[in-house]
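Chains: A, B, C and D, in written order; residue numbering restarts at 1 for each.
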Amino acid sequence: MGSILYYTLGAIISFILAFTVGITYMGLDRKITARVQNRIGPPWYQNFLDVSKLYFKKTNIHQGIMQHMGAAFMMVTAVMALLIVPIFNHGHFFPNLNFQGDLIFLLYIMVFGQLGMALGVGQTGNPNAAIGITRGLSQMTGYEIPWVLALVALMIQYKTTSIVDLMNVQAETGRWLMFSSPFAFLAAILAMLGMFSHAPFDIMVAPNELASGPISEYGGKYLSILMSAGAVFMFAKLTLYVDLFMGGSSNLLALLIKTFSFFLIPVLYGIVSPRYRTEQAIRYFWGWPSLFGLLAVIQAVILK
Amino acid sequence: MKEIKTKIIERIKSHFQDAVERDYDYNRLDFSVKKETIPSILFYLKDEMNFKHLSHITCVDWLEEKEFEVVFILWSYTDRLQVYVRTRIDRDHPVLDNIDMIWRQANTYERELKEMYGINFTGLEAPEEFLLEDWEGPPPMRRDFDTREYAARTYYTRPGREDAQDVRETIIKRTGEELPDFAKKYKR
Amino acid sequence: MVFNDKNSQKIVDIIENYARKSSLWILAYGTGCGAIELPPTVTSRYDSERLGIHFGATPRQADVLLITGYLTTKTLKRVIRVYEQMQDPKYVIGFGSCTINGGMYWDSYNTINALDRYLPVDVYINGCMPRPEAVLAGFAKLQKLIQAGKADGANKYKENLDWYRTNQKKVIPNWRMPEYNW
Amino acid sequence: MNMIYILFSIFLAGAILTWVADKISGILRDLFFLLTVLSATTFFYLKIPVGYTTNITLAGLHLQWGITAFGWYFSLIVLGLGTMAAFYALSYMKGKERLGYFYFNFLISLLSMMGILMSRDLVSFFIFWEIMTWSSYFIVIYKGKHVQRSGINYLLFSAIGAYAMLMAIVMVYAHTQSLLIPDMIQAFPFFTLSAKIWLPILFLTAFSVKAAMMPLHVWAPDAYSDSPMAYTSVFSGALSKMGIYGMVLVFVTMISYLPNDTAFRETFAWLGAITAIMGTLWAIAQDDARKLLAWSSVAQLGYIITGVAIGTELAILAALFMAVMHALFKGTLFLVVGAVEKQTGKVKFSEVSGLIRKMPWTFIAALFSIITLAGIPPLGGFVGKWMLYQSLISSNHVILVVAIFFASTAAFLYCYKFLFGFFLGQEEPEIAHVREAPLLMIIPMLILSLLESILGVYPQIIFRPLDAAMQTLGFPATQVHFWNTSVLFNEWGNQVALKPLFYAVAGIFLFFFLVLTIKGWKTTRKVSTKDISTSGEIPKQNENLTYSINFYQPFLRAVAPAMKRRMMTYYREIGSGLEAFFDYTRRLYSGNGQTYAIYVIIFVVLLLLFKNSLFS
């Protein structure tokens, strides 16, 4: 009983942390974009205001039970990913469920919410939303290839599928995996661009073309929960990248610096990029990123 | 261009005796025909004379003569020449042959003319109302339709615009022109 | 949230209104000619995003309905539907003289002359067309109203629905709109 | 009295009685059908224990029937799915013609599958195999002339498999002078090298036809989609597993003794992976729900074949676990399509949408099965997927992992298409009259989908018989803790504890669901699917806005080069080539006595030449 309480408390604290950091990063994203475009831009806390405004909406509508649950599905994925990815080294903060931190489980639970969300979106009956979903799922088949290649390379080289073990490897050798497995790092970084569906790969939410795609019928509390889930999920993914390639982090400051530097990659790449069509995006991911992934696998097999 | 025009006029004249031509611009020709001739002359222009493109169908309301003048504007890509085909129809019973089997896009223009002027095209397929939704008044582009009176009757007018002037009166005041008789009837 | 205490309700109101006023999402529904003034308003020159004002894509997400110019009866029908699809609290800004008294289309057979007969307008912005400075001034006024809790056009609409409906049905004779269930 | 005789007699007598009863009364026929399935199932599980064998001598041949733990494991699929499909069939087939014919073949095909699992000798194995082929063929062509073509395709490929198996059996008999399977397995290491290579190839050809592996799969999509859905669920769920059953036996007992078994395994693993990828791609392109599921079956069997071919303990475990899961979810999905077909008369995604409010229970069954198919935790499909990936990774099949991963990521596309196409989207006036399927159809679907979710949290239920089966195959009974907990282990000691993860998922979901529901409960309202943001335009009642045509066009454009050629085209070319060849040969028979005289002379001359050159 005590352990359950402990984990629940840990889950709540890490959720609050992830929510705060994730929403702040989203605001910083807008700020950075504005500065690059020679604007002043919104304050860094703008997304807190957006989320709370949406949550304070007085009326809400939904088109059916699946849409009502869609946002909750998305939140499940975000929080589960957060609980499985170790936030700090050695689990001296709340270890949550990360004693099992299995990469394959993580890959699959990441899809859980997206499929649930897609079902919710499907029930709205809005054709734009369905088109957005088909684009998103198609794009997912694109970036999963380099991402899985990178992960498989790491798993084979270090003979483990656990995130914690990979972090321990980096602690023992004293070298971050981004230096000892550079190709896997490159492939994962390029896959990350698609995973965050930031600018060149944002055709699924194209606001002017698709009326914001999947979320076009979501408003009020539903959109608020979705935005929070997006923020938490983003933070979980950034932490995963830090854990895999930068050896995790031992204190909050290091965590923030490392995650933010990872966060800058899709943001800065996105600012200067136009938008890919879906099939172009898929072919992009099956080109150079997958080649880097293959190199990573070859390196892993040789060094094994 | 001169030769082309002459040739076209000759051929049209030989086929359609009622055509009256008018040549007043560099690359423009103008034929006035009876309304019964319209489909055949358009067919002829399209198939034999290479006027493949129907640019527009428009209408002029000759209120004083109680007639509508329907104008078909055609363009030839090979000769780079524009041809106007005009016909006059009775204003009280405006009926004309439907030509959307010659050009598919004529359907759109005809629907517009039907709604805006009340011209009936025989056999025109119009699935639903086109530009005017839920319109119950007379065709609004006819010159005897008083739009100001209609607007005042239908829409709430916010007070404070009573001094609004008719733009024609302003022009007359400035230039010293005479207002035509027919216009005086519809003066505001 | 239930607060019996009046003061705490006041505090909650202040927080909620602050969030609402600092994050105004415009519905990108361009009517008339005024929509062309919005690109300069949101891009680098005037940068409305620093005030939290940016475009929302669909009525479900948006807070502000901008009527950017004259409304024909045909467009009015769509605008009413879009307005009713938006979620409370929602605001309407009438934009340009056409929405105030018909502007240069005052005697046209198919444009309405006074927007506030058909939709509850919170703020009017004068001009033909208003420049982006004027647009931002209008938004600032709206923000003040929201913070003071006075921008309750949606409530007005709900309470006087019959009056609005009568006016709407007068200019849209063939009323085939789905019923608005609150 | 021999128990196995009784079991077969129950099936046979039941089938004949059902057929006869069809001439008398519909109720009697249904009763006999159901009684047969139920009594046979009950009899099998109560009276025939694992290890039961009986010897028969027939015309000088020594035959043996019996059940091993391995066969018993597969009998779970056959009888479990068979019973559910039988209940379903009563309601699904109501009002159709020639029901006696259908039920007769249904029962005979169940009998033949049980026969295959209980044959311990090659002759009865072959005979039951042929009975299975024929009975399923008769059901494929049940609908009449317009499905004749898919029936012929199916029979043709099955014939190729059967010839291959027959040749293999003859080879075995020539080597060992015995037809018993255990004898063959024992003697196999001492065969000549060519026999060692040819025997597995011939057997695998036979089995991969039934398991619809890539070059031999072309019959499957048509045959699966043309037979009545009540049988297709058995066809795709259980009958195709007979191929897997045989494959496992071949790979475990024969391939391991080959000197270069790695090449063999790699080839088959890659064939399986390619099957998975291409099946998935073709499934994505389908508009017909039955075709989509049929291609998806081909793809899913591809994973299983890969697992079997890799052949490590974890891989075989994964493959066998996935075989059960596939039977569960694909059986359910075909039943779902049948329910939709029965209630709306339509099977195409572009023709029907928005059924979720009309058929909620069917939707729930479909949802659970789709989640299982996609391998998303916390349902059962994930367990199989996890073990398969772990076995591939820990045995260093790097590129294979990525290929399989691509196939299962792309599988999300058709998973979503299935749910969206039928159940989500706009509610159209055409489906206003649609009601939920009859209770007799819903209950089997719900039971099957409930099993899927239970196995996701408590996979040890199925691991126990699986462990016994693995021991029969000669694997050591290790990892006892594996069977008693719901924790998955890989060979490096990494683990996934399913139970806490399941509770975490359920807890988080419930929490946020409650948060969403409680907030503004009174002001949250439900609107119709016509009330969507369409730039202010009001959709008319008969205006269908659901997006269902060219659903994954961008994706299909991206993978177009891979889908340019179809296997069927090659077969057609071979077919027309053969036809031309035979047409040419036919001309030899000119009907003219002189020509035949020349043939005789040429033949004699040739003989003489050969005799002189060869034997002089």
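Couple of notes before you dig in:
Definition applied: contacts are C-beta pairs under 8 Å (C-beta built on N, C-alpha and C of every residue); 3 or more make two chains touch, one makes a residue touch a chain.
Quick caveat: nothing in here was measured; it's all calculated off a predicted structure.
The chains that touch both chain A and chain D are C.
The chain with its CA mean position farthest from that of chain D is B. Chain B and chain D, compared by their mean Cα positions, are separated by 70 Å. Rounded to a whole number, the gap between the C-alpha centres of chain C and chain D is 59 angstrom.
Chain A and chain C have Cα centroids lying 36 Å from one another. Among all residues of chain B, none touch two or more other chains.
Taken residue by residue, chain A touches two or more other chains at 57-61, 211, 216-217, 220, whereas all remaining positions touch fewer.
Across the assembly, chain D contributes 523, 525, 527-528, 530-531, 533, 535 as residues in contact with two or more other chains.
Inter-chain contacts, as defined above, occur between A-C, A-D, B-C, C-D.
Chain C makes touch with chain A in their complex at residues 15-16, 18-20, 22-23, 28, 43-44, 47, 49-50, 52, 55-61, 63, 87-89, 182. Remark: chain B residues 132-134, 136-137, 140, 145, 147-148, 150-152, 154-158, 160-161, 164 touch chain C in the complex. Listing the residues of chain D that touch chain A in their complex gives 354, 356-357, 367, 371, 374-377, 382, 385-386, 389-390, 393-394, 396, 398-399, 401-402, 405-406, 409-410, 412-413, 415-416, 419-420, 424-427, 490, 492, 494-497, 500-501, 504-505, 508-509, 512-513, 515-517, 519-520, 523-535, 545-547, 551-552, 554-555, 557-559.
Those residues of chain C lying in contact with chain D across their complex are 29, 58-60, 77-79, 81-82, 85, 88, 176-178, 181-182. Listing the residues of chain A that touch chain C in their complex gives 30, 34, 37-43, 46, 49-50, 52-54, 56-61, 207-208, 211-212, 215-220, 223.
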